[in-house]
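Have a look at the structure that comes next, please.
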Amino acid sequence: MLDETAKGVFTIAVTPFLPDGALDEASIDSMVAFYEDKGATGLTILGMMGEAGKLSAEESVTVVRRVIARASVPIVVGVSAPGLAAIRALADTAMEAGAAGVMVAPPAALRTDDQITGYFRNVSETLGKTPWVLQDFPLVTGVQMSPKVCLQIFAENPSCVMLKHEDWPGLEKISALRRAEAEGARRVSILCGNGAQFLPEEMLRGADGAMTGFAYPEMMAEIVRLTGAGEVEAARDLFDIYLPLVRYESQPGLGLAIRKYTLARRGAIAHPTVRKPAPALSDATIAEVEALIARQEGRLSART
Amino acid sequence: MLDETAKGVFTIAVTPFLPDGALDEASIDSMVAFYEDKGATGLTILGMMGEAGKLSAEESVTVVRRVIARASVPIVVGVSAPGLAAIRALADTAMEAGAAGVMVAPPAALRTDDQITGYFRNVSETLGKTPWVLQDFPLVTGVQMSPKVCLQIFAENPSCVMLKHEDWPGLEKISALRRAEAEGARRVSILCGNGAQFLPEEMLRGADGAMTGFAYPEMMAEIVRLTGAGEVEAARDLFDIYLPLVRYESQPGLGLAIRKYTLARRGAIAHPTVRKPAPALSDATIAEVEALIARQEGRLSART
Amino acid sequence: MLDETAKGVFTIAVTPFLPDGALDEASIDSMVAFYEDKGATGLTILGMMGEAGKLSAEESVTVVRRVIARASVPIVVGVSAPGLAAIRALADTAMEAGAAGVMVAPPAALRTDDQITGYFRNVSETLGKTPWVLQDFPLVTGVQMSPKVCLQIFAENPSCVMLKHEDWPGLEKISALRRAEAEGARRVSILCGNGAQFLPEEMLRGADGAMTGFAYPEMMAEIVRLTGAGEVEAARDLFDIYLPLVRYESQPGLGLAIRKYTLARRGAIAHPTVRKPAPALSDATIAEVEALIARQEGRLSART
Amino acid sequence: MLDETAKGVFTIAVTPFLPDGALDEASIDSMVAFYEDKGATGLTILGMMGEAGKLSAEESVTVVRRVIARASVPIVVGVSAPGLAAIRALADTAMEAGAAGVMVAPPAALRTDDQITGYFRNVSETLGKTPWVLQDFPLVTGVQMSPKVCLQIFAENPSCVMLKHEDWPGLEKISALRRAEAEGARRVSILCGNGAQFLPEEMLRGADGAMTGFAYPEMMAEIVRLTGAGEVEAARDLFDIYLPLVRYESQPGLGLAIRKYTLARRGAIAHPTVRKPAPALSDATIAEVEALIARQEGRLSART
C-alpha cells in the first residue's frame, strides 16, 4: 500500500493503442517492462496523459488489471471523475485488483479554500481506507491550492499520503510545505510532475522524486539518485543534456503525441497512436524530435 | 426515433435518490408518470440537472432502463463525457434499451470554430445512425457556438436533429437559425432550456418547445399550446404567474435542490435528496419557496 | 462620505453617448435628475454597466466631475483597474471632485482566499482614507469570495464600508454575513445588484437596499420602503409586475442596450447608444421590450 | 514605421522602478542602451511583462516618451485595453511621440471566430493608419486564434503588419501561416515570444525573429543570425547553453521578478523592483538563479 515514505520515480504511464484506436494490450506488457527496466519505482496509470478521459469504464478496468498483473512495482490509479460514485467505483476495482493507491484531481469548478477542502473531505470519506494522492495541477484544472490549503487537506485526511506536485511555478510551494513539516505538520511524500522541467531544483527543495511521464525515465531516476547523493553538479550536467527534449515534449496539446512517438521509437510500445480527437505529428515535428534525440544521444556518448 | 419534427415539452428529468444517496428506483416510476401526466411530450434523462456526473456507469444504465421501461413518450439520454469511448458506450446501451436519441454538450476546452465543428464530426461518426441533440449551454460549458457554427454542424451531420438551446441570451440565435432555414438551410427542432425563463419569447421567435426541468411542466406545456394557437396574451398571463418561482428555481448551484424540493412536495418523487457534494436548503430558503408557491397557487385560483 | 449606514437605492448609472459614440454631457444632467426624481438615494458611476472600460482616462474624469456637479445624492465611483496606480489615480480624482466613495472589484486572476484578501489589503492601503465598496460579482469576475473571506476583508480594512452583493445565488451569503455580525463581526452596508432579480428576498434576508441599474428605479425604491415597513405582500405584488422586464433586462451581453433603450424612451437620456463594440437591438427585441412595457403599464394602472 | 519586413530581436522591455515603486527614469536610459548594445533591432514597451497594467495613464506616457527619446531602434508600444477609447488615446500619444507601431492583444471574453475578427476590425478602424502587431498569447488571454482566423485578420486589416506569436504550442501555426503565404496570402512579419523557449525551431519554421524579454538578448540575436546563415547546429549549441535559465525565467508569476533580478545584476537597470502586488524572490530562488548563471557563464567560457 502506498504511504508517506514513497520516493523515486513513479512514471506516468501512457495507454497504448493499436493504429485503429483499440487498446493494445500486448504493448501494456512491454511498456511496463520498459518502465521498470529504466528505473521506475512505481507507475501511475489512467492519469491525464494516460488518456483516461478517452477510455470507456470497461477499458479502464482492463488497463488497471493488465498493468497490475505485469508490474512488480506499486501502481497508482488515477480515478478523477465528475462525481463521487464514479470515483468510488473505479477506486474499488483498482484496489481489489491490487493497486497501491489512487490519485484524485479537483474538479475545475472549485474556487474558494472551503470548497476545495470540503471536496477532498468528501473524496476521502468516499475512498475509505484507500491511500490517495492529491493532484495539484492548476495549469489544467484551473484550481489553485495554496500551501495552507494543501496542509489542511493533509491534516484532515490521514489517508492522503502524497502530493503530486505540478503547480507551476511551484518551487516555493515545496519549500513552504517542508518548512511547515519541520514545524510539526504531518509529512507526506511529494513527487513532482510538469514533465520534469524543474526536477533538479525540485529535489533540492525537498521533493521525494518525480511523477511524470518524460519518455526517458532513466534520466529522472538518475537525477533522483544523484541529488540524493549530494552530487548536484553531476545531476545538473545530466539534466541539461535532456532538457531540450524535456522542453519539446512539454508542449501542451502536442506533448503526448511526441512522447508516444519517442516511446514507440524506443520499443516501449508498438504504435505511437493517440486516440481521437488528437493532433497528428507533422513531418516537421518528427524531424525536430529526431534532431533533438540525435543531439541528446551524441552528448550522452561524449560524456563517457 | 427522434427527428427534426420533435416539439412540445421534453422535461429534463431529475434523478431521484433515497435520503442516504442511493438510487430511488420507485421514485423513477412515479416521476415518469408525473411528467407524462403534466404534459411532457418527451423526457431527457442524465442531463446536467439529472446529476449525470454523480452517477457511476452502472447506475446510469439502471436509470436509462428503468425510465424507458415506464415511459410512453420518447426518451433522450444525455451522453456527454470527456471522451468518445464513453459516449459510444452509453449511447449504445441507451439505444438498445429503446431510447429515441442522445444529447451531447461540447467539452469545456473547445474554443475555435474549427475545434467545435471538428469535435462534433467525431461525435457524429462515433454515434453512427443514432439521432442526437446538440446542447448549446455556454454559461456552463464556456463554449460559444455562433449561429454559423451551429448551421455548419447541422449541415455536416444529418443525424443531428435537434438543438437544445440555452445560450443566454439566445433569442437572436433562434431568429438567426430560422432565417437561415428560410433561405435553404436544413431545419432542425429547437427546444429551449434555461429553466423556461424566456419561454414565451422563445416560442414567438420560432422555437418548437421547451427542454428544461422547471417543476411545473404543465405551465410549459400550456405556453407551448397557447403560443401555437396564437393566444399570446394568454400565454404571457400564465407565464407571469409562474415567473417568480421560475426565477427562484433558476439560481445556479441551488436551483436543483429547490426543484427537487418542489417535486417532492408535489409527490413526483419521494425525497428531495441531492447527491453529495450538494448544498442543503436552509430554513430560510424553504420558507421563500413556500411563500412563492402559495402566491402562485393563489393567483392561479384567482384566474378561474 | 460613504459609511456603513448607507441604505436605499444606489442606482448604477449608465454613461450616455451621442449617436456617434461621443460622450453626451447634456444627458448626464438629465439622467442624474431622472434618477434622483425616481427615488435614488445615491448613484454609482463608472461601473461595468456604466461602460467604464470603454472610456479613456480623460473621459472618465469628465463623467465623474459632471455627475458630481449635478447630483445632490452621494456618488460612488467605480475605480477597478488592472493595477493599483490606475486605481489610485482615478480614486484621487474622484474624491477631490467630491465623490462619497469608490468601488473595487477583484481582478479575474485571483483564486485562493489568501490571494483575494491580500489583494484588498493592497487596495485599501492604496486608497488611504477613502471609503470603498467591495464588489462581489463572480458571474463576471470569476472570483468567488466565501462569507469567511468577505468578513476577513471587512475586519482587516475599516475603510471598506459596503458590500455590493451580486453573488448569484447569494441569498445565503447575506444571511451568513448578518449572522456573523450578530455574533460580533463588524457590520457593513449591503446593497444588492443582479438587476434587482431577487430584491424582495434580499431585503428580507437583511440587505440595506439595492445597487443596480434597472431602468425603473422607482420600483426598487418602493420595494425597499415596503419591506422596511413590513408590507411584504405589497412589496411582492409590486415586484411581480416589474419582474418580466427585470428578467428581460438581465440578459448578459444584451441587457445594457435594453436598459439604455428604456431609459431613452423614458426621457432620462437622449440616445440609447451603446459604445462599440456593442450589439444593436433588433426590431424583434425592440418589439419584445415594448410588449413588456405595455403589459407592465397596464398592470400598474389596474392596481390603482 | 513598422512594416511587414521587420525582423531580428524586438526585446520586450521591462519597466524599471525604484525600490519604493516609483518609476526609475534613469534606468530607462541605461536599459535602452543595454538592449541596443546586446543586439536588439527594436523594443516593445508596455507589454504584459512591462507591467503595463500597473501603470497609471500618465506614467505610461512618461515611459513611452522617455524610451523613444533615447532609442535609436524602432519602438512598438503595447496599447491593449478593455475599450477602444483607451486604445486610441495611448496609440495616438505613442505615434505622436515617434513610435513605430503599436501592439494589441484580444480581450479575454472573445470566443468565436466572428467575435475575434470583428474585434480586430474595430481595433484597426480605431487605429487608422497606425501599423499594429497582433498579439496571439492564448496561455494568458484565453483567446485561441486558429491560423484561419489570423489569416482573415491579416487580409482584412492591411495595417496589421506583424504577428507576435506566442501560441503554445505554436510551431505548426508558423508553418501553416507560411504555407498560406506561399499560396498567395499576404505575408506579415512573425516574431516569437514565450521567453525564447522554442526559438531555434521557430526560426527554422519561418519566423523572422523574436519578440520576448529573456534577460540575455544577445543569445536571441545570435540565434537569429546563425539560423539565418544556415548554421543550425551552432545555433542549437548556443541555445542549449542558455536553455536552463530560459526555462527558469519562463515560470509564470515569478518569471518577471527573475528577469528583473538578472537585468539588475547585469547593470541594465538599477533595481530589481517589481511593482506591487508582486512576489518577492526568496533566498532559495536567488541561489538557484545564481547557480544557473554561473553554469551558463562557465559553459560559454569553455566554448571559446
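In order of appearance the chains are A, B, C and D, and numbering begins at 1 in each one.
We take it that a contact is a pair of C-beta atoms (placed from the backbone, for glycine too) under 8 Å apart; a residue touches a chain by one contact, two chains touch by 3 or more.
Predicted model only: the values in this text are computed from it and were never measured.
Among the other chains, D has the CA centre that is most remote from the centre of chain B.
Superposing the C-alpha atoms of chain A onto those of chain C requires a rotation of 180 degrees, given to the nearest 5. A separation of 47 Å divides the Cα centre of chain B from that of chain D. Averaged Cα coordinates give chain C a centre that lies 38 Å from the centre of chain D. Along chain A, no residue makes contact with two or more other chains. Partner chain B is touched in their complex by these residues of chain C: 168-169, 171-172, 175, 197-198, 201, 204-205, 236, 239-240, 243-244, 247-248, 251-255, 279, 282, 284-285, 288, 291, 295. By the touch criterion stated above, chain B contacts chain A in their complex at residues 51, 53-59, 81-86, 88-89, 108, 118-119, 122, 275-277.
Chain contact summary for the complex, chain D toward chain B: residues 111-115, 138, 143-146, 148-149.
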